[in-house]
Every structure is written in C-alpha cells, then in structure tokens.
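Have a look at this one.
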Amino acid sequence: MSTVPMVEFEQATGLVKEVYDDMIATRKMTRIPNFWKTLATHPPTLASTWSEWKAVMGTPGRLDRLTKEMIAVAVSTTNRSTYCVNAHSAAAIKAGMDKEMLGELMAVIGFFNKVNRMSDGYQVEPDIFPKME
Amino acid sequence: MSTVPMVEFEQATGLVKEVYDDMIATRKMTRIPNFWKTLATHPPTLASTWSEWKAVMGTPGRLDRLTKEMIAVAVSTTNRSTYCVNAHSAAAIKAGMDKEMLGELMAVIGFFNKVNRMSDGYQVEPDIFPKME
Amino acid sequence: MSTVPMVEFEQATGLVKEVYDDMIATRKMTRIPNFWKTLATHPPTLASTWSEWKAVMGTPGRLDRLTKEMIAVAVSTTNRSTYCVNAHSAAAIKAGMDKEMLGELMAVIGFFNKVNRMSDGYQVEPDIFPKME
Amino acid sequence: MSTVPMVEFEQATGLVKEVYDDMIATRKMTRIPNFWKTLATHPPTLASTWSEWKAVMGTPGRLDRLTKEMIAVAVSTTNRSTYCVNAHSAAAIKAGMDKEMLGELMAVIGFFNKVNRMSDGYQVEPDIFPKME
Amino acid sequence: MSTVPMVEFEQATGLVKEVYDDMIATRKMTRIPNFWKTLATHPPTLASTWSEWKAVMGTPGRLDRLTKEMIAVAVSTTNRSTYCVNAHSAAAIKAGMDKEMLGELMAVIGFFNKVNRMSDGYQVEPDIFPKME
Amino acid sequence: MSTVPMVEFEQATGLVKEVYDDMIATRKMTRIPNFWKTLATHPPTLASTWSEWKAVMGTPGRLDRLTKEMIAVAVSTTNRSTYCVNAHSAAAIKAGMDKEMLGELMAVIGFFNKVNRMSDGYQVEPDIFPKME
C-alpha cells in the first residue's frame, strides 16, 4: 500500500484534475495508474513529472515508442523496480513487443549486467575510442 | 590497471588464440579490447562469454544492432559501469546513433531512473495489466 | 518469510534478551520488529547492529532525527529495500514528516537518481571544487 | 571526457544561451559546470532539467537547502555517481556542512546501506505500520 | 506472475524438452523451477543459460559448491533480487550452510555494503597494491 | 582526492591514535590505508568501523578469511566500488586466491548478475523452498 493515500479521480480538483483530464485524453486511458494517483499527493511533482512523460515518452522523436518502452524495461529491470517493470512490460507489449523480442531484450539485459560486473570486478581500464564530433 | 596482467595478442595460444582470431575476423577489429584480454586469463570464461556475445549481439534477430547497443548503454549507465558505458557508447555511435538520438536516449534513461525510485519510495502497488499470451 | 525462523521475545535468552530489553526501554516499543528478531539468530550481529543503531540514529548529534530518517528513506529507496523503505517512512512520519515534506523528499530523490545516471551515461568529467579544510 | 563535445558558454545560442544566462544569474556562478555544458548538446533536455533543478533545489520549501544537498549526497553515494558525489559534497559544504556533519551523514548512509542488504538478504517480511492519513 | 506464461514440463518439446530432461538428470530435481520455465519461452536463451549454469555452478572447480552458493547469495542480496535470494539461500542451506554460517555471511555482506558506500561517499582514492603476476 | 583532508599517522592523537596503533599491530601493516585515514576525520565512526572489521573479518569463524575476502570482492564488484574492489582483490590474493580462482569467482559474479536481472525482468515468482529450522 502506498505510504500516502492516493488521490482518486473523483477526489481530484484544481491542478490535479487538470493533469488527470489531460492524461486520460492523451493516453486514452480509462483509469489513472497508481503511480500518478500517488504523485498527486504532491501536485507540483505530479504536474512536472507528467510534463516530462509527455516530452520524453509521448512526443514523436528519433527513437520510436517501442524502442523507448524497451529501454524503460531495461532500466527498470536493472534497478529492479517492481512497479515499473510491470507497467512498462505491459506498455512494450501494447507497442508491439512479442515473446521473441522480449526474449532478445532479456538476453541483452542479462549479458550486459554480467559483463558490466566482470569489467568492474577485474578493474579493466577503458579502451580509447574516438568521441562524437 | 586490471587485477591480472592481460593476455596480449602475441602471447595467445590454444583456445585463447582461437577466440582472438575469431573475434578479429567477426568484428573486423584491429586490436583486442582490454575486456577480452583480461577475460583471457581464464580461458573457459573468455570462450563462453565470446560465444554469448556472438549469439546475443552479433546475430541478426528481431532487435537490430543499434537498438541493442542503445540498450547496452542504458543498462551500463544504470549500473554505472565505466568500461561498458565507454565501449558501448562508441559502438552505438558506430552503429548510427547521433547526438540527438543520444540526447533522447539519455532523457529516457534519466526519466526511468527517476520514476523507478519514486514508485519504490512511495511504495506504490503495481497496477493489474493483461499478461502476454 | 525470513530464511531463518525469527527469535520471538518469549524465546530470547542471554545476549538476545539483553538487547531486546534495551531496545524496548530505549525506543519505547511494544514489540520487536521483524528485522531484529531475524538478526537475533546470530547474536553477535544483533548486538553490534543494535549498538550501531544507538550510536548513529539514537544519539543526539549535529543532524536531527527527522533529517536522519529522511536520509534513511533516501538510501533505502535508492537501494529499493522494501523492508527499510516501509520501516523508515513510518519512522520519518512519526518524527514529523508530513505529506508535503514527503513530496519534496521524493522530488529530490527522483531528481538525483535521474541526474546521477545522466552524468554517468554522458561520461561527464568532474568539475574541480575546493575541498574541505 | 564526455561522449559528446560540450557546448561552451561562448558557443551558446538560442535556448541554450537563455538557460546559461538564467543559470549564472540564479546561482551566481562564474562558469557553467560540465554536466550542464554536456546536456546542452540536447537543448530540450537542458531546459527541462534546469527547470526541474530550479523547482526542486532552488525554490524555498519545507526542506531547507542544506538538507536537500545532504540527501543529494546520500542518493549519489548510494548510486556511486562520481560526478554528483563530487559536485554535491561541494554544494553541501557551501551550504554549511562541516566535517562533523559529514561524518554523521556518512555514518547514516553506511548504516542503511548495511541494514538494507541484511533485511533483503534474510528475506525479512515488512512489519505493519500505520500509514499516513 | 511472469510476464509470459511459463512452459510447463508437459508442454516442452524439442530443445526445451532436451534442456528440461538434462536439468532433471543433472540436478536430481523433481520439478523445473519457475526461472527456467520462464526462460523456456525463448529457447536459445534457455539453452545457453543452462549451459552456463553447468559450467559455472555444476562443474567441480577450485571453488567448492557451498562457496559458490554463498557468493550467489551475496550478489543476489546486493542486487536485491527476490527470486535468486530465495532460490540460492535454499541451495546454500542444502549444500551445508547452517544458521551460524548464514549469520557470518550476512555480517560480511552488510559490512561491505556499508564500507563500499562510505569509501565512495568520501571520495577516497585507491591505495596502491601489487597486482597479480 | 577525499572530500576531507585525511588524518595522517603522524597527526593522530587520542582515539584515532589508539585505533591506528591497534590496526598496525593487528594487521601487520606498515601504513594506514586511505579509507581509514579518511574515516579518522570522524573518530567515533573510525572506532566503530574498525571494531566491526575486527569482529567480521579479523576473527576466526565458520567462514575462512579467503572465503570472506572473495565475498567482499563479490559485493564490492556488484556495487561497483572502485576503492573496495581494489583493496579486497589485493587482500584475496594475499589470502591465497590465484588467477584461476579469480576466474571462477568472476564467472560466478557475472552469472548471478545476469540471472538476477533476468528473473526480475521477467517478473518470475519465487519457488517455494523449505526454510531453515
């Protein structure tokens, strides 16, 4: 159970209500996820985090939505964040990830968690690469 | 400096030499990176890790190479692995990532590291989503 | 369920009983939390960890108790330790943290988890600052 | 060295210049730190991260600046982020943290990193606490 | 619940069936653990991870099985991986770890999680040690 | 460079001098490592951390010293703590770890960092095992 009681849709007023309405319109959702209902207990954080979601995840850019959702799963898995692994696995599936792509994603995540530690554990010095211009 | 002295190309024999030769042929490299020269101090780990690299990163699959390299950067950044952030940023750039794509990638990585912690810190309960069939 | 069966208050003898009694007297508790009942399966670790709690958390110092409990939440959130996030959120609330302060705390925790990763991911070199004298 | 060449103050134009000027005016700085000069390679991320800094760190709230900087050190230490540990240790010192307060801060950070792992390692079940109303 | 429906023993065919049969023969198990039944949704990852288990954990080497299982608990605890802490605590117990050894193991894990953070938090420079020849 | 200037051996007085003398006598060292010289800036933390080192690492118990040093490397590698990986790799080598044992250790560390993330990323539910009695 969240540390604080969540702000349910029916209870929302002012800035919180504005964000909830925008969220439902933008993401075609039928209910507000628990994360956002919890953030709503501190309205400025709700509003700025929602703005950031729209800029980072909701705006078409150079990376497509499916790629971004798989990166979300990679980060959340590496941080072992139960809530976000659950939510963004579902979002990646909705964006088109099937069982085989999930298998490849997990193989890449697993491989780098392994070699990250082996390179750190052996104290390997970085190679020199050309940097971006 | 690595905990153990690395096995230089000229010193390689047997299984290590086989792996080095295959690595140079497969990846068109002109020198063996420090990570692999360090793993070579334990030949079975060198051989199995190189096999895994070929299966996970070197084989065409459902995720393309650039996507995999960006996931490698996302995992390595979240684990703060200096060696791998350096090596796979270079690999992603070589595979086509430009400054703007890197900017989007970092924005996604940053956003999820933030919301991972906020959802855990507030003890938010997972929402229920349909699972994959 | 803990890996080992916990030592209940009624079962405690010797060093474990001494620690339990001191804990109840010092912290005005009516029951021993699960963490300490589990540590009691290895009495020297129970005793030394309890000593450390008293020195670090229970002794008035330059940082007040509420600040320390908020730092406990920050560390436990960043490590995603379910047990400690739960226990020390409750302790911070008991020490005076309200919903708005929790909101600010989570905003700071979220912001630094984000910028920690962005600075590592971009391989940014440290700035030079004057050190403490 | 950063993955991308940083945008120096003299090179800044448009949105980047606006942020740099605001940063210098707001924080009374004489030079732009490397983190921000690196983010400037992706102007929207620079602008939104700077906005977030102002809202989270630069605006007077319920937590004072020194407390926030110590939480920044706690998070950055737990994530082992070299850049941010360096920058926010300096910021906390500037905000009034002396050697003894740093000692207490490190003792709290150390203690919770230890008990976080012991509670997870022993698989201790959370205690039930009253939640915030 | 796993993101994907697991492959039950009765459903296994081809490569998955081969791995399941080998696993049961090698480890004298009466049922396939959930981890492997989940990996079976991506057969090449199942097969290569099982090979790696046999090479790393199942083959007699310089480190004995109990030592390896305690290291597994140390890593899984530090990563806070619920599944693996649970599975490898059980495996270490089966390999001979008793309550007192578990207590010492947790004391070592706790101590290093603490001093890891204190050395990083204080920005302590590495000492110079002779490296391995 | 440490955040605070370290307390050199020649500067030590009172409690700090007592700890330094005990450390040199106990560990047969010819110089005080940087970690301890930094902790000495907060004498109670120096004293209690040194006590804990003696109890956890310096006292013969059920786990031998080499096993404990390898667990120290496993934890420090997983936390990516540069200082401690360096110091405890050296300590493990001094306690008898050779190149082949280091290779096996890194293979175990790598394998569990991989499967920790794959089990979390796939949201695998724990199996039920008998607990310790």
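When the chains are written out, they are named A, B, C, D, E and F in that same order, and each has its own residue count from 1.
We take it that contacts are C-beta pairs under 8 Å (C-beta built on N, C-alpha and C of every residue); 3 or more make two chains touch, one makes a residue touch a chain.
Owing to the predicted nature of the structure, the values given are computational and were not obtained by experimental measurement.
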Chains touching chain B and chain C alike, please list them. A, D, E, F
Homomeric contact chain A-chain E: same or different residue positions, threshold half: different
Distance from chain E to chain D - Cα centre to Cα centre, in angstrom: 34
Roughly how many whole angstrom separate the Cα centroids of chain A and chain B? 21
Using the touch definition from the top, which residues of chain E touch two or more other chains? 1-4, 44-45, 49, 52, 55, 78-82, 86, 89, 93, 99-100, 102, 104-107, 109-111, 113-118, 120, 122-123, 132
Sort out for me which residues of chain A touch chain E in the complex. 80, 89, 93, 99-100, 102-104, 106-107, 110
Show me the residue ranges of chain A that touch chain B in the complex, using the header's touch definition. 1-4, 33-35, 38-39, 45, 49, 52-53, 55-57, 61-63, 67-68, 70-72, 74-76, 78-79, 81-84, 86-90, 93, 98-102, 104-105, 107-109, 111-120, 122-127, 129-130, 132
Under the definition above, what is the set of chain B residues touching chain E in their complex? 1-5, 44, 48, 51-52, 55, 131-133
Chain A partner, complex, touching residues on chain E are 3-4, 41-42, 44-45, 49, 79-81
Which part of chain F faces chain A closely enough to touch in the complex? 73, 77-78, 80, 82, 85-86, 89, 102, 105-106, 109-111, 113-118, 120-123
